[in-house]
Structure formats: structure tokens, C-alpha cells
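In the two complexes that follow, chain A is the common piece, with chain B as its partner first and chain C second.
Then we have the complex of A and B:
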């Protein structure tokens, strides 16, 4: 049997600028692999896609206890970085440029989310295509530490400025068995 | 079994070891090393060495390069020429906040090729940064494992206190 175990899958169907992805993390695994595919909007507009964690009751954590850093590299010249030191989001999972079918895709490892005695940490690689301005592909690499010892059960994806409603995309969560 | 992640070796740290060695690389598959919530009591960094016939290779043939990303919003290069005796000196450990990593090991079992490691980690302790990069053993040899060492003056001179380290084969 593979040590990579499927846990849960969520497919978006209702347009919203925040999307909760509950029940991804349980006490069964220490490390989780979250794979998001083509988070997009059928409307027009563009915005960063950020994330937040869901607490034990499934509510998004909005306090400024996230530390994150992200480096994003376009297919043309000029890479950029941003950070939250601290911030109230996990910034820069990708950039959504609706209404392209090619939305934001990413993979993220999340460490010890269900263990309330340690910080939850994660790191991700994301990609998207941006058609406005100079059309180009982007690669995103980032990490976060949630600096409170608290049980985490899921993720929220969030349009940074509320400019886009995500209405398609799939997220799959896997546990990495010890 | 096709399309599987198969555990080869693991170590849940007990006591206060200066290093942990995982072996079991025995074919040309890609292997995945995972490190979860690694903590130290002595030393501030973790470094890596490959093993040949179960013993750390300690020659000055390692190199690494990468990109260091911080929560202050910076991204800088970090590299070494291939003349050092370990890999990944940028990995900071703490005593209460764990270090986490995923690294893929390539070409290890092939004695006619150099062995490389590719991946990323998040620093432990109060350091809010990650490293994405690679390391290489510039030596054609059959590598059968990897050692994770607490660094305090020398590799293995520090001590780990807790954490879990796993080596998987990707089939």
C-alpha cells in the first residue's frame, strides 16, 4: 500500500471570493499534501489568491499570527517577493486572471496541523497564467508559520481584494503516512 | 506496486543523537526524504551527508545552491562551490519550533553518476524563512542513504531532541 493516502476532495461550484476547504486535516497524519487545480472565475477581473487556516470549529483564522514569505517569478524578467511579518493572511498562493480556464494551481505541504501543541507550518509551489499587461506565466514559492499552538482542520482560499469570485477548481488532500 | 510512495526507512528521534542515518536506497528510483518538526538542544543548524555502504561520505565534494525566502519579503541566493564536506548549512534549528523539509534524492544508486538532492525546507526556531534549492555530491559513486546531522562546530557536534525523519521510495 502506498504511504500517500487520499483524504478528501472539494470541487468548487458556487462563486465566492472566499472558499472554505474544511475537514482536510485530522489526527491520522503529521504531514499533508494539498493539491489545488485550476482555481478560476468565469467572470472578468484579476486578483491575488491568498489563504488562511481554519480552526477546530471550521472558522477562518483572521488574526495577525501568520508569518509568510513568497517569491514569484514571471516567465519574462523581474522576480518579486513579499512577506507577512506578521500578517493576517498567507499571501501569494497565486494570481487569478479571470476568465481564463487556466486558473491558479498549487501543491502545498502542511506540517502537524492537527497537533495543538506545535505551530502549523507549510510550504507551497504555485503557478498561473496572466493575460493582462504582458502575458506571462508565473511560478510562486512560499512558506508560512502560524505562530499559535492551535488545532487546524482546513484551509480557506481568498481573493485578496475581493475582486474575483472563484467558481471552479478542485482541491485534493493526501496524508503522508509515517 | 505502480504509482506508490513506499517507506524505506524511518527514525523517530529519542535521546540526544548528534545525527540520524537512514539507508535502504537500493535501486535507481527517486527517493523522498521528509523531516518533521526536528528540534535541537545543542547546535543551531542541520546539515546533510550521503552514505556509501552505510557510512557518511565526508570528502570535500559537496555543493549546494538555492533561494532563501523570508517573511520580511526578501529572496536571496545562497550557494557554495562544490568543495565543502556537507550540504545545506542554511538550515536553522530551534529548540521549540520545528524544522520541516522535503527533499528528493536522484541518481543515488547509480555508481557512474553524481548524486543530487532537490527540495525545500522551513527553518525551525524563531527564523521565518525557507530555502528552496539543491545539493550535489560531485563524485560518481553508489549512494545507499543519507545522514541528517546536528551542526555545532562540526557536523554531528550538536544534538537533536525530537522529530521524525522518513525515507520513501517513489515507484
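Then we have the complex of A and C:
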């Protein structure tokens, strides 16, 4: 058996501005690999896909206790960065540009989310395709730190400006065994 | 089926295990555990190749996963001329590899000491260029690469990766994309100068329900 252990899988089936992905993290592992596939919308529009953490009760944490930085590079020209220090989101997991099946996909490592005695930290690399304007692909590389000692049990993906409801996508969580 | 969620064996430290068990898995137990993803490894090593020669590394059996991971560990070439390790995808099982000017690349790189940070971009490449470089003057190079949607005929194939490029010491992180919605069922990596001298290439599938 490999030391990467499947924990949970959630597939989005209804349109939503925010998508809660509960029960990803337990006390069984310290490091998790979260793999998101093709989070997108069938409606017309575009928006950033951000994230928040879910607390022990499964509620999204909306306080300004996130530190994050993300760098994103399109396949055309230029590159940009953004961050929050502090902010109330983990910004820039990707960008959804609908209608398009190739939404936001990413791999994110999350460290010690279930341990209420330490900060939860993580990093991700993601990609998406933007079809409007100059068609181009993007990559996203970011990190975050949630600066409260608190138990974290899941992840929320959200459309930043509420301009686009996500209605498809699958997320899988794996624990990295000791 | 009787709920056996608290009876399965071999989980002596599970906090939810409240009943003694026999330590024996019945056929129904195995079927049920497989259906919820709780049996078997979650990272299947589909193929492993020890590379000692040639200019290509190919994976032509991707099984049926949505997400694949490839690791290229400690690659070296036999040439003083610097070559790039590029990639291409196939839609015919590896008989041929797509070389039309369709690949997008979008990654960021930084040299040792934080020097020369730059975005590497383009939308009309005939290959995924490049995961890293090789020559005999510098240390080995390695990469961890994720492939999304390769076998999904309705979606574009997306690639994210992080590489350590031993030739003058760079880190690369970013991606490639082949915006053609079709099944891509083989992966090729190739070296543009000299031959591979050493390296370990592994293909994994990430478990799903």
C-alpha cells in the first residue's frame, strides 16, 4: 500500500457561489494533498476562484486572519502577484472563465490542519484556461498561513466577486501517511 | 449489508473502533471498503523506468485515472551540449506524438540566489518546452509533474509542474496546456541534445471513487 491515503472525494453538482468541501482533514494525518479538478461554471462570466478554511463545525472562516501570496503567469505576456497580509480569503487558486469545461485544477498541500495547537499552512500550484479576449492558459503558485491556532476540517472554494456560480468540479483529498 | 464500519480489522488505533474484530476481511467487506476508497493504496505506481540511454522516455499505458503524476528523478545526459527535456502528448497510444503549434507554456523560474526571476510564456509551441535542461557540466535535474484530463475527450489537457534544473541551478514552477479536447493516451519526454545517461521516471495514478 502506498503512503498516500485516499480520504474523501466531493463532486459539485449544483450551481453555487461558494462550495464547501467538508470532512477533508482528520487527526489521522499531518500533511494532506488536496487535488481539485475542473472547477467551472456553465454560465457566461468569469471570476477568480478563492478559498477559505472550514472550522471544526464545518463553517467557513471569514475573519481576516489569512496571510497569503500568489503569483500567476499567463501563457501570453506579463505576470502578476497578489496577496493578503492579512486578508479574509486565500486568494487566487485560479480563474474561471465560463462557459468552458476546463476550469480550475490544482494540487494543494495543507500542513497540520487538524492540530488546534499550530497554524494551518499550505501551498498550491494550479492552472486554468481563459477563452475570452486573448485565449490563454494560466498557472498559479501560492502559499497561505491561517494565523489562529484552530482545528481545520475542510476547504471552501468561492467565486470572488459573486459573478459566477461554479456548477462542476471534483475535489479529492489524500493523507500523507507517516 | 450489515454496517461493519466499526468492525474492520487491522486498525488498532482507530478512535472509532469500538468493537473487537476477527481480523478477517470477508469478500463483502472488501467490496464495501473498495467502494468508499478505504482499501488499497491511493497512489498507484503504473510504470517505472530506469533510464540509461536513448533520447526519449514514454508512458503509453495510462490506465484510467483522471489525474496522473510523473516524477523524473536525478536525470543526467551524456553530452556537454545543453539539451532541454521537453514533452509531447499522443492521441494514438504513442504511435505518434502531437507536434502542432498548439501547446501553451506558462511557468516562472528563478536562479540560485534568487537571480534572474522571469516568466516563461508562449501559446504556439510544438511541445511542452521545457521541464528542465541537462548536460555533463552540471548536476542532475528532477521534476514532479501533474497531468489533468488526459483521458477525458471533452476537456483540454493541463499540466502543472515543479522542477529543479541542475544546469546553472534554476527552479521552475508553472504549467503547460494542450487546448485540444480529445483523449491523450500517451506521454513522451525527449532530450534535445545528447542522450540520457541516467534517471528514474515514474508514472502514478491518483486514486478516485
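The rule we apply is simple: the second predicted complex is superposed on the first by the 178 of 178 C-alpha atoms of A that agree within 3 Å, B and C clash if a C-alpha of one lies under 4 Å from a C-alpha of the other, contacts with A are read in each partner's own complex, and residues count from 1 in each chain.
One rule holds for everything that comes next: a contact is a pair of C-beta atoms (placed from the backbone, for glycine too) under 8 Å apart; a residue touches a chain by one contact, two chains touch by 3 or more.
As the structure is a prediction and not an experimental result, all values here were calculated from the model.
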| item | value |
| --- | --- |
| Fit-or-clash call for chain B and chain C when the two complexes are aligned on chain A | clash |
| Touched partner set for A:137, first chain B, second chain C, both or neither | second |
| First (chain B), second (chain C), both or neither touched by A:105 | second |
| First, second, both or neither for A:77, with chain B first and chain C second | second |
| First, second, both or neither for A:127, with chain B first and chain C second | second |
| First (chain B), second (chain C), both or neither touched by A:172 | second |
| Touching partner for A:4 - first (chain B), second (chain C), both, neither | both |
| First (chain B), second (chain C), both or neither touched by A:35 | second |
| Shared contact residues on chain A - chain B and chain C | 1-4, 71, 79, 141 |
| Interfacial residue positions of chain A with respect to chain C in the complex | 1-6, 8-9, 27, 35, 37-38, 71, 73-79, 101-102, 105-107, 125-129, 135-139, 141, 170, 172, 174 |
| Chain A-facing residues of chain B, complex | 1, 3-7, 10, 34, 36-37, 67, 69-75, 97-98, 100, 102, 120-122, 128-130, 132, 164, 166, 168 |
| Touching residues on chain C, where the partner in the complex is chain A | 15, 37-38, 40-45, 66-67, 104-108, 119-123, 146, 148-149, 154-156, 158-162, 173-177, 179, 181, 206-209 |
| Chain B-facing residues of chain A, complex | 1-4, 30-31, 67-71, 79, 81-86, 109, 111-112, 118-119, 121-123, 141-143, 145, 176-178 |
